[in-house]
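Please go over the structures that come below.
Heads up, the next two complexes both have chain A, just with different partners, chain B and then chain C.
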Partner chain A sequence: MNRILRRNETLVALLIILLSLGIGLINPTFFTVANVFDLLRSIIVTGIFAMGVLIVIVSGGIDLSFTAIAVFALYCTVRLMKAHAPDAPIWSAFVVAAVIGLGLGLINGFFIARFKFPTLIVTLGTLSLFEGFLLFAIGNQIIRDVPPALTGFARSSLVSLPSARGTTVLHPAILITAAVVLLVFFLLNYTTLGRGIYALGGAPEAAERAGFNVAHIQYFIYGFVGVLSGIAGMTFGSLARQANPQDIVGTELSVIAAVVLGGAQLTGGRGTVMGTILGVILVAIANNNLILIGMPTVWQRVVIGIIILIGTGLPAIQARRANKRLSGATSA
Partner chain B sequence: MADEFLQLSGIYKSFAGVRALQDVDLSIERGRIHCLVGENGCGKSTLIKIIAGVYQRDAGTLAIKGKEHEHLHPIDAIREGIQVIYQDFSLFPNLTVAENIALNEQLAEGRRLMNWRKVHHIAADALAQIEVDIPLDARVEEVSVANKQLIAISKALRQNAQLIIMDEPTSALTEREIRTLFAVIHKLQARGIAFLFVSHKLNEVLEISETIIVMRSARIVSTGDRKEYDTRRLIFEMTGHSIADKSYEFTADTSQPAILEVEGLNIRHALQDINLQVRAGEIVGVTGLLGSGRTELALALFGLLPMDSGRLTMDGKRVGIKSIQDAIAHGIGYVPEDRLTEGLFLEQSIGRNVVVRTIDRLRSPLGLTDPRRVAGQVSEWVDSLRIKTADPRLPVKTLSGGNQQRVVLAKWLASKPRLMILNGPTVGVDIGSKDELHGMIRQLAGEGMGLLVISDDLPELLQTCNRILLMRHGRIVEEIRPQDTDENKLTAKLIEEETL
Partner chain C sequence: MKAKTTPNSLTSRLPFDSQTLRLLVIAIVLFVGFSVMLRDQFFSVRNMQSMAVQLPEYGILALGMMIPMLTGGIDLSIVGSANLSAIVAALVLTRLAPAEGGGMSLALAIPLAILVALVVGSLCGLFNGFLVSKVGIVPILATLGTGSIYIGLSFVITGGPAITITQLAFIGNGTILGLPIPIIVFIALVIVYAIMLNRMAFGFNVYMLGTNAKAALFSGINATSVLVRTYWLAGVAAGIAGIIFLARTNSAKPDYGSSFILLAVLIAILGGISPTGGFGTVSGMVLAILSIQFLSTGLNMLMLNLFPSSAAIFFRQFAWGALLLLVMVLNYYEEQRRNRRISTSE
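Up next is the complex of A and B:
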């Protein structure tokens, strides 16, 4: 019991419940299906990004470039489609975006695995590099007349229910997020590679001694994050029905914040899929629903800041207490 | 011999022209406990790395189970049953006990998917083999150092270890944990597994080993049955000279107030009614078992643990110590137990570590540090504490344990404290350096400093202190004079409470 209470997931879940009850009591629309669908829609893209960020953080690294990869993959895919295959099906757009993402992710992987550069430095560099290259060499105009496959996808619905505002739609892209979540859950918990990612984040030297091929793992991590970013970028673009090269970049810190809030530790080796989902949901509620209780948009950022400080501060204090007790018992 | 597992002969190894091993012959027998002792830098680690296949020898032969190996790679050594347990145990703190034990096997079998039931099964089986009980689902960071070591041993066993090499196996263990470890080792020994320990702690070495191998300056200088060695001979073989062991004589100058006087110090759950005095030139030892409060006492005096009540007087004047800054301002210095994480900036140079505490006093009129004065102070300390380094600009992590401890000392001494609190001053330091550190402690006392030495190394306390305070359950229960006791009597007193 004590163990469950001390888990970060429990704390974040409690925060979600408290926040939901608080908002719902003041404004009952919070608990309508329409609002829940809206909330789910708002975590589609962040959820995919967050899974990538989780993997990197568990491995002891950090990736700042994933938003640049996403927008790069989105913009290039849309340009390619318009120029060469305007009638291509939607799945092919995702495949192309994923491949572009993979390529860019492997560039990160190359510098990190081959030259052992700090991940923060490499991805800080490639964030600028990818975005700058996109704007300079590929294009800086917003593409509004996207191929029909994208608009078709944007209009599709998984569930549609009549509601006070007309019809309420749950977008099928949530299935992409769900699939990514399941895939990452399986990867991290049931594959040797996934355990290698935890091992690498926990004790890099020991991972090497145990026989993990650390370079391969790092290539995989950054390549995989590239793929996820490409898919997330494509999803973002098709939901927005446009490809804007200035979009997405700039949101990386709020994704990282959601993941950290979910219990992943920037020092590596710790973080769960469950916690990450909860972190993403909590941030989404704070982002989308505080308006329901009449809180001005600018204040939402303040609330998110407070939630992050509480959500990451409390476990840190608990950990320090536990540590003190432990060291008091062993070194006295 | 029929039961020989490993045979080395005429091994030579040099690094960049520096001879690390010279004509080394060594044989390891199955089911026998061997101990390799020697001061830091004598070639022990090089020898172990050659056995583990990490280094390749320049000359000589190496045979495992009678079969000669021209080139031995780490993976060959593992296949032949050689397992090295390093001091950091190579465990993953963030993973569970079960996973830590089974992970290598998963990898070695080239499995891509985790079979958690099998992982649990493997781990349960491995721990059952050595008859210890550690919760399989606990994260390794939550278990004690002793249990980490047992986990590392069971991991080695799962990989069919036939020779287990352990680096400093007892350095972070309590008396009782050492008993458990030794029981496990004897059990495995009965199954024909050979052990090779590398250690500095002479008493434990003598107790468990059957064959002793002493190295000095790249050679094996002496080897033989345990019965042929006593502490004196071991020290002589290791250092090449005898070391005196007489206790520290001290006569108090009662005309001066004590440097530190503590009255009625209380900290809830940690310390109760602590009264003590340290006079100028005194070396006061503090010892006690796990949880006795000895570390808390040091932390409280250094402003790291808030006191609930109590009165501190320094040089006759009442003082309050609420923070490290207060402690430093009153001339108290503290060398922590874990110097590697608390006392030093490992990546920074030796010189910078030495002056870090006094950098404010080395400022030029413009407020910038004066590099010449800094260099002057650094070389003064490097010389006077005999820190063995090619260049004080090298990072501290390049130094041996004993020399690192000297840098910590230098760092504090540079600020000329009145009272130094040393917590485990010679943990992980080899015997020759230990003796020099003890000499330094005495010299500091001779110059009028007061010293509080916290240690569970009883011979060390008996040798360096003029009185020893015994702590139990947060209280000082007895004051002992070294000349009135010996190691066995003191050990008996220490463990008294356990038998109560």
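Up next is the complex of A and C:
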């Protein structure tokens, strides 16, 4: 089993290398620092989301509501800051957004852990619930003049290099993504809770008998994903320098696609941080760089669709062949 | 032949199981409640007609979603297929019979365009069926990928903007005996679905496959053929929905109705379709579609009366989610009560 998993990651890595070489051969600007920085910037928010989605998928669930949680947390935080603490530092904005995300995530956790409802349906319902509540009761206008802490954060840079287009900047928000990635890696691989999440996704009943408290794990998962979503939403808003209540929602399926491309299996129990990052990078390359090889941007969705089908179809065919060989061997 | 002697699922013998009954009560309570609260703003011929025009758009998509979900799958590409069908049909129509005149007669071009939409929908569905049954990709991922491709192709064809087309407005605005044409199409589709699922071998096979795929295999059901037909039918429904899109909005847009995907799944769950497959009825679906329409229209009016602001239109989204969770909690407690009764009677 481990071998297939590794194969899947190598497959994605191979796809990334082929795509990069192809694009780079046609247009050498692909390999410039500026382009790499652009690529990194585009995975800042998706990367955080993907870590949350990974945890949920490993546990055998699926979460559709994380985008709604993100935009809810972002918009409420900006409103709160503007009304009560316009000069609050940027870190406090992230804390508030994370707490709001935690609250909303725990609502998911409640329906999933208490009632054992299918996660897809609970989060489909809460997606509609959260987004509807935000737009109806809190606000539906774009906030453009965000507090100065946000604009300051948007302008900051981690590395800035002179380039053909002036200066190229790597935004420090990439450090948030890196921290989240490391945290999730540690959580999934080196903690009992992490092993519990894998166990839950592999076989819930066995996890329960092995002594894991399934309800507690589920509360943790959805609460934690809520926190990550809140942080991702805040990051998105501060990079965009605005809080648009109709942003972000609608991108959930492409994040899930990136995670699944990275080898996480929707049936649960399988998925790695490494694979997920590769999946996110692959989708980002396809998204950002088609224009570099002269492919009109209207083809973007078609290419992503084809990548999803290749990324999921090849393992499916492999698994089928392996199955056939197995059943052939036992019957012979 | 085989279809008649096939003992059907529980659903055909008990057309009103407790879940359908509850949905019926919900639909009636919503209808009566809004009629009392809003009087002739809600309870009027005009409002009935406007609801009857709105409902088929997503109602047909929800029906399309139903059979894949009965087999334990899902079709996330359904809105993409609908838009692609609509765009190709619109293109055919504008090329063959331009609005300025000088082309083929409309009497010939319109049926041809409708046929083209159905063919495109069919092809989309067949491709999904191939990926799910032959290649063996999980339905949610296969249709996620194809959905992206179908919407992507729509963007490629139009280059982004919408295609304006007015030749089909007579379907969107027309009525027969006071009934808007879209609702007639919807009713016809409901009847076809009810017959297929309750009276034909195909329906039996779908329920069987969704309840227990292994048992279905051992009882000689050809899973591949059932799955291909399942997704093909979803594609056909998407093609029909595409024509309704065209007729209603007088335009074909690549990203029209993207919220309909989640709405279709929501309706199916509300209508009692089990997400793991095997259970659910057409009557449940119809009641769920009606409930959603009553709720959307009624709340819209109520909210606009109470809070005359632009925010009112968003309340229904909140209400959809709340309704879904509420129905699931109610089902949960009822099941618990039933289990308790069974265990105490033993």
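Going forward, the second predicted complex is superposed on the first by the 323 of 332 C-alpha atoms of A that agree within 3 Å, B and C clash if a C-alpha of one lies under 4 Å from a C-alpha of the other, contacts with A are read in each partner's own complex, and residues count from 1 in each chain.
Methods note: a residue touches a chain if its C-beta (ideal position, glycine included) is under 8 Å from a C-beta of that chain, and two chains touch if they have at least 3 such contacts.
Everything quoted here is computed from the prediction, not taken from an experiment.
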Partner chain in contact with A:308 - chain B first, chain C second, else both or neither: second
Which of chain B and chain C A:240 touches, first, second, both or neither: neither
Chain B versus chain C as contact partner of A:154, first or second or both or neither: neither
Chain B versus chain C as contact partner of A:190, first or second or both or neither: first
More chain A residues in contact [chain B versus chain C]: C
Partner chain in contact with A:13 - chain B first, chain C second, else both or neither: neither
Residues of chain A at both interfaces, chain B in one complex, chain C in the other: none
Residues of chain A defined as touching chain C within the complex: 64, 111, 115, 117-118, 120-122, 124-133, 135-137, 139-140, 250, 253-254, 256-257, 260, 266-267, 296, 298-306, 308-309, 312-313, 316-317, 319-320
Residue numbers on chain A that touch chain B, as the complex places them: 189-195, 198-199, 201-203, 205-207, 209-212, 268-270, 326, 328-332
List of chain B residues in touch with chain A within their complex: 88, 90-95, 99, 103-104, 106-108, 111-114, 116, 142, 144-145, 270, 288, 290-296, 337
Contacting residues of chain C [partner chain A, same complex]: 76, 131, 135-138, 140-142, 144-153, 155-156, 159-160, 258, 262, 265-266, 269, 275-276, 303, 310-312, 314-322, 324-325, 328-329, 332
